[in-house]
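Note that the chains are named A, B, C and D in the order they appear, and that numbering of residues resets to 1 at the start of each chain.
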Amino acid sequence: MGFLDIRNATKSYGAVKVLHETNIAVEEGEFLVLVGPSGCGKSTLLNMIAGLEEVTTGDIAIKGRSMNGVRPADRNIAMVFQSYALYPNMNVAQNMAFGLEMHGIPKPERDKAVAGVADLLQISHLLDRKPGQLSGGQRQRVAMGRALVRDPDVFLFDEPLSNLDAKLRVDMRTEIKKLHQKLGTTIVYVTHDQIEALTLSTRIAVMFGGHVQQLGTPKEIYDNPANMFVAGFMGSPSMNLFPAKVAVKDGAAVARIDLVDGGVASLPFAAGNAMATHDGRDIILGIRPEAITDEDGADRKSKAIHRIDARVEVTEPAGSDTFVVSNLGGKEVTGRFRADVDVKAGDVFPFAVNMEKAVAFDPKTEQRLG
Amino acid sequence: MATTANTRAGNDWLRNALPKLVLSPSFAMVVIFVYGFILFTFYLSFTDSRILPSYGLVGWENYAKLFKLRAWGIAIDNLLIFGSLYIIICCLLGLALAILLDQKIRAEGFIRTIYLYPMALSFIVTGTAWKWFLDPGIGLQAVMHSWGWESFAFEWIKDRDMAIYTIVIAAVWQTSGFVMAMFLAGLRGIDNEVLKAAQIDGASNWALYRRIVIPQLRPAFMSAFVVLAHMAIKSYDLIIALTGGGPGTATELPATFMYSYTFTRNQMGIGAASATIMLMSIAAIMVPYIWSELREKK
Amino acid sequence: MATNASSQVVRTGAGARFVIYTLLAIFCLYYLLPLYVMVVNSLKPLSEIQAGGMMSLPREWTVAPWQSAWATAQIGVAATGLKPYFVNSILMVVPAVAISTVLGALNGYVLTKWRFRGDTIIFGLLLFGCFIPFQMVLIPMARMLGLMGLAGTVPGLVFVHLVYGIGFSTLYFRNYYQQFPTELVRAAMIDGAGFFTIFRRIMLPSSGPIAVVCIIWQFTNIWNDFLFGASFSDFDSQPMTVALNNLVQSSTGVKEYNVHFAGAIMAALPTLLVYIVAGRYFVRGLMAGSVKG
Amino acid sequence: MRSTIGKTVAAFAVLASSVSFAHAGDVEVLHWWTSGGEAAALNVLKQDLEKQGIGWQDMPVAGGGGTQAMTVLRARVTSGNAPTAVQMLGFDITDWAKEGALANLNDVASAEGWDDVVPGALQKFSKYDGQWVAAPVNVHSTNWVWANKAILDELGIAQPTTWDELVAAMQAVKDAGKVAVAHGGQAWQDATVFDAVAMATGGPEFYQKAFIDLDPDTLGSDTMKEAFDRMAVIRSFVDDNFSGRDWNLASAMVINGEAAFQFMGDWAKGEFLNAGKAPGEDFLCFRFPGTQDQVTFNSDQFALFKQGDTPSDEQAALAKAIMSPTFQSAFNVVKGSVPARVDVPDADFDACGKQGMKDLAAASSSGNLFGSMAHGHANPASIKNAMYDVITAHFNGEYDSETAVSELVSAVELAQ
């Protein structure tokens, strides 16, 4: 039993099921990120944890106590909203103290708690201001402060950084991570930004279409996506997915890929790969851009670097790297080359593919093979 | 243990029911005092009620009589003329004034108050002033004559065919400022960047308003329509104060007709029949509107 | 005001501005004319009015008509002027407007933030209620007031105005609260605030602009109402409009037009005052909600 | 159905007496007499009652010659909060009595001997089903002509006594460039003129048959067409600006010498007197030509609403006070009408007043006293207003006389 248990929870509006049976157990001190495109059910799940929406079937428990029918206020949770939801008519201190006031905490204690949290977040100088007088970043801090001051069992974050500009977003991301490490609080965090998910979380639940597609640590999710959706959604630029055919020769599996020029390239799978049992099968091969490099940039530790000669269609210099786009199996494939590689569109160029990082999917079920 | 569970269940019930409880007095009031009364009136329209409600049923007799009455036909025609002119002129004038007032006008607040204040006055108050002003003997025409413009003629209020238009003039005077305020609010709510983009695209001021601004005022138009329609239908004081329904019956409106049959002529049954027809016409216009508005907002 | 005005974008030349100001001035005349007639004639002796020339300024200025209308004009058997009725109107208008506004706000709050199955229909029913002609409800309403024991009382009048004003109050607040961020309500729920606490601490403090619109609307309508005021009041609760009507509509005898006009302006002063004082919040309030889709 | 309403009203009355009549010993009076003269006249009554220790609660609702007050009355009665006494006209009293809402005043009436002093034509309205239900205050006669003497003298016009003389007189005035007839285009004013014209054209029997008995043949007769034709003649002597004009402004035209004649009830006299004009010297009052022997009247009465099974002491006192000769004299001197009882001394009245009292007594005894159609004393409100519609439409040129006659027949039929 976890600290926060989501057990067979579902949510329906009339006949429309927006969240299918979901099971997640969150341990104390864990940072769980719910990530997915809009409409995937992640916010619904968060609202269900908060008690803002009822659970249709199933159960959500915090510290072993079922929360069904318990008011949001009585769940000992705090939430940071996308719009921050600061009460416009109250100043910062009043905003932060409101929840404590509602729970009957005497004023001296409230003031003390507010002062402490304000100090922690470095917003002490803002306490007398109204939300309207604050910058976006400041509002964000106040919203977090309002959650922190409650000292809840679980923090809920609903896309808290999406209204900030890029620079501030990165800063706040770091800050939230530091705060989590320092306070060791339990957090459920909703975002559609996979980088946020990967950087912040201890575990990620990738959601799509009302289903949890995969639940795992950031590394598991990134390296071993459970299906093509997770593979494509997590990582930027996203994983290359292109059709191939498995051929087994002498017990070793090879992926055969059609090239634009009419030829066929062969990429042997890494040793011990389960593909050997799939002779002749059509698959979708998934290889992340950083596993397709120029030959000198290939991972030296890898034992399965293979070369494909393919025509370069576009090059996209990005400062630290150059992304090189080619075509494999009829799909665009992006490789991540060192910045100083001399390559231009139209060249036929050797690509080094690290087959240790390759994954294969069933084209029909889109699930991972092997 | 059982008791705490019960209390909690009770609390939960109260908590869930609270919003409905809060809404229920208003709902009950409206159900009884609007819809109950509508049903009551509908029922009365089939009775032989005269001075007070009575409950002898007479079938469709009241409706048959109603449609034989010349004044009712006039009242309906007048409502169509008055209602459409009133709504159209108020909207056009309100929009024009709002646009003019939206050009960084000095003393905007002052002018706005002048345009708005008629809404604050009832026609019991301003009726006499208007009656004087429109009266050819002492009003505008007399003043023009005394200034030496002898051929000036403005005798609409005494003219059977034109009197209804004087009603429109006074009604527009009362409400157009309010409509102006609604449009002004709408104009102020339009995103600046869209306008800038249109200007960069080379739109003239005229095109800017016609193609970009006015289409965005649709919600304001809709709100104005509701307010104006409800005022047109309820117009009563205005008629009584200005013309008393005259000359003859030339400015009779359904509201004055209904009042006169229900209360002055002691033919409550016919009054109720006219009220029923009036309500059905209102419903025919308003229900689709309200329905579409609410559906959109969902 | 931090709002966008299209005027910041649209540029007009000097000639155009002259035309604009001229047009605006002409319309000022149109709107002010009846008021001018009333004011000018309320300051003339009756003989000057009878001699004609309603547009001209008084040759002899006098405030006697005002004094008469306020304190000595014949309203009924007693020559009390409008003074005592003024109080009756205030006693009726203030609670009616206050309750109507608060109830409208609560309704709007429920209809936008605590939605439940069928709430749209209820709102539709409330809204359509605005369109019922008042002449129609007179008799059944009288009977209901009698049954409730409110006939001929100020609470009865307040109740009637409440019933037929609630539709518009609710409409205004609902449209306004619809744009009020629901996340704020949710945040307050998580903070532990209940239904009424959220309303009082979160919603109401932000409702200023729309409250102004609602109050102006209700105040104007209720203050100016004659039909209900005459029908549902008693000898000691007749409102100002009934008294004014008695002053102006007397059947025989010399019509003291100057006193009538003075009385008319007097009766209109409270509403005028409300418009002048609250007028600048009015457009802001309309903008904040009621005219947006 | 009548009894149902009766019961309902009675039930409400009981409810009312238990709920809202905390002021025992007071009378609440609904009326529309709010002008200075009328209020002064009513004040006589008020003081009379106050001397007896009965408080007067004033409930004035002006407008539309009492129609506004009748609307209020209906709301008050329906809500079970009926006023003690209500100023009323003609058939309204009968209608309310039919609903069982009025108190029975027979005890007071027999004690005071009302039956003997009130003309029978008035009793028709004051009594219902043999019971006194209202106390008449005054009698207005409506078939008067008010004339500017100076104009008549200047143009050498004698007081006209026939229709033709009247037409000739009007023509003479018109030729002299003055307005012949001062008239206000409001339905009741149009009907007031029509009343007199119809009486003059068809005589009392015709009037009785058409307006009181509502005989369709008479309503559709050629005499009626003739009456409408005469209305058209009068219309041609009215200035173009007549529509919507208040009657007192029309009176002012005669007073100021802009117009020669006004056809209006005796309440117009107050306007002349207020303007400092003397009857017989500055202005003339005479019966509409052709109706010298007849009086068409309307009578203000106070109907007393049931407050319990028997009329209260205050109601009895009020009724008695209204009918006292001193009040009747004092009131009518101020109001310009004549007393409702024929035994009141005429000492305090002016020439027109004395004439009116004499006419009333004579007409009453000779059977020439008729309730005025225009003022709701010939037929009920629904029919009266239906007639208004036709008369006004015709006067404003919407119908020719022929159409008007046929419209009159069908309008009366519809309103019944």
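The definition used in the following text is that a residue touches a chain if its C-beta (ideal position, glycine included) is under 8 Å from a C-beta of that chain, and two chains touch if they have at least 3 such contacts.
None of these values were measured; they are calculated from a predicted model.
K.L.:
Using the contact definition stated above, find the chains touching both chain A and chain B.
P.N.:
Where chain A and chain B share a partner, that partner set is C.
K.L.:
Which two chains have the most contacts between them?
P.N.:
Chains B-C share more contact pairs than any other pair.
K.L.:
Among the chains, which is located farthest from chain D on the basis of C-alpha centroids?
P.N.:
Ranked by distance of C-alpha centres from chain D, the top chain is A.
K.L.:
What's the distance between the Cα centroids of chain A and chain C, rounded to whole Å?
P.N.:
It comes to 56 Å between the two C-alpha centres.
K.L.:
Would you mind pulling out the distance in Å between where the CA atoms of chain B average out and where those of chain C do?
P.N.:
15
K.L.:
Rounded to the nearest whole Å, what is the centre-to-centre distance of chain A and chain D, using the mean of the C-alpha atoms as each centre?
P.N.:
91
K.L.:
Taking each chain's centre as the mean of its CA atoms, how far is chain C from chain D in angstrom?
P.N.:
Computed from C-alpha means, the inter-chain centre distance equals 38 Å.
K.L.:
Enumerate the residues of chain D that touch no fewer than two other chains.
P.N.:
Within chain D, residues 64, 71, 74, 78 contact more than one other chain.
K.L.:
I need the residues of chain A touching at least two other chains; which ones are they?
P.N.:
Counting only residues that touch two or more other chains, chain A contributes 71.
K.L.:
Please output the residue numbers of chain C that touch at least 2 other chains, ranges allowed.
P.N.:
In chain C, 138-139, 141, 194, 245, 248 touch at least two other chains.
K.L.:
Hey, which residues of chain B end up touching chain D in the complex?
P.N.:
48, 50-56, 65, 68-71, 131, 135-137, 155, 157-158, 160, 243-244, 246-250, 259-260, 263-267
K.L.:
Where on chain D does chain B make contact in their complex?
P.N.:
These residues of chain D touch chain B: 1-2, 4-5, 9, 64, 67, 70-71, 74, 77-78, 95-96, 98-99, 185-187, 240-244, 380-382, 384-386, 389, 392-393, 395-398, 407, 410, 414-415.
K.L.:
Looking at the complex, which residues from chain C come into contact with chain D?
P.N.:
So the residues of chain C touching chain D come out as 50, 74-79, 138-139, 141-143, 145-147, 149, 151-152, 230-232, 234-236, 238, 242, 245-255.
K.L.:
Under the stated contact criterion, what part of chain C meets chain B in this complex?
P.N.:
Touching chain B from chain C are residues 3-12, 17, 20-21, 23-24, 27-28, 30-35, 37-38, 52-55, 103, 106-107, 109-111, 114, 116, 119-120, 122-141, 144, 162-164, 166-167, 170, 178, 194-195, 220, 224-227, 241, 244-245, 248, 257, 260-261, 264-265, 267-268, 271-272, 274-276, 279-280, 282-284, 286-287, 290-293.
K.L.:
Contact residues on chain A for chain C in the complex?
P.N.:
Contact set of chain A toward chain C: 47, 50-52, 71-74, 77-79, 81-83, 85-89, 98-99, 102-103, 146, 150.
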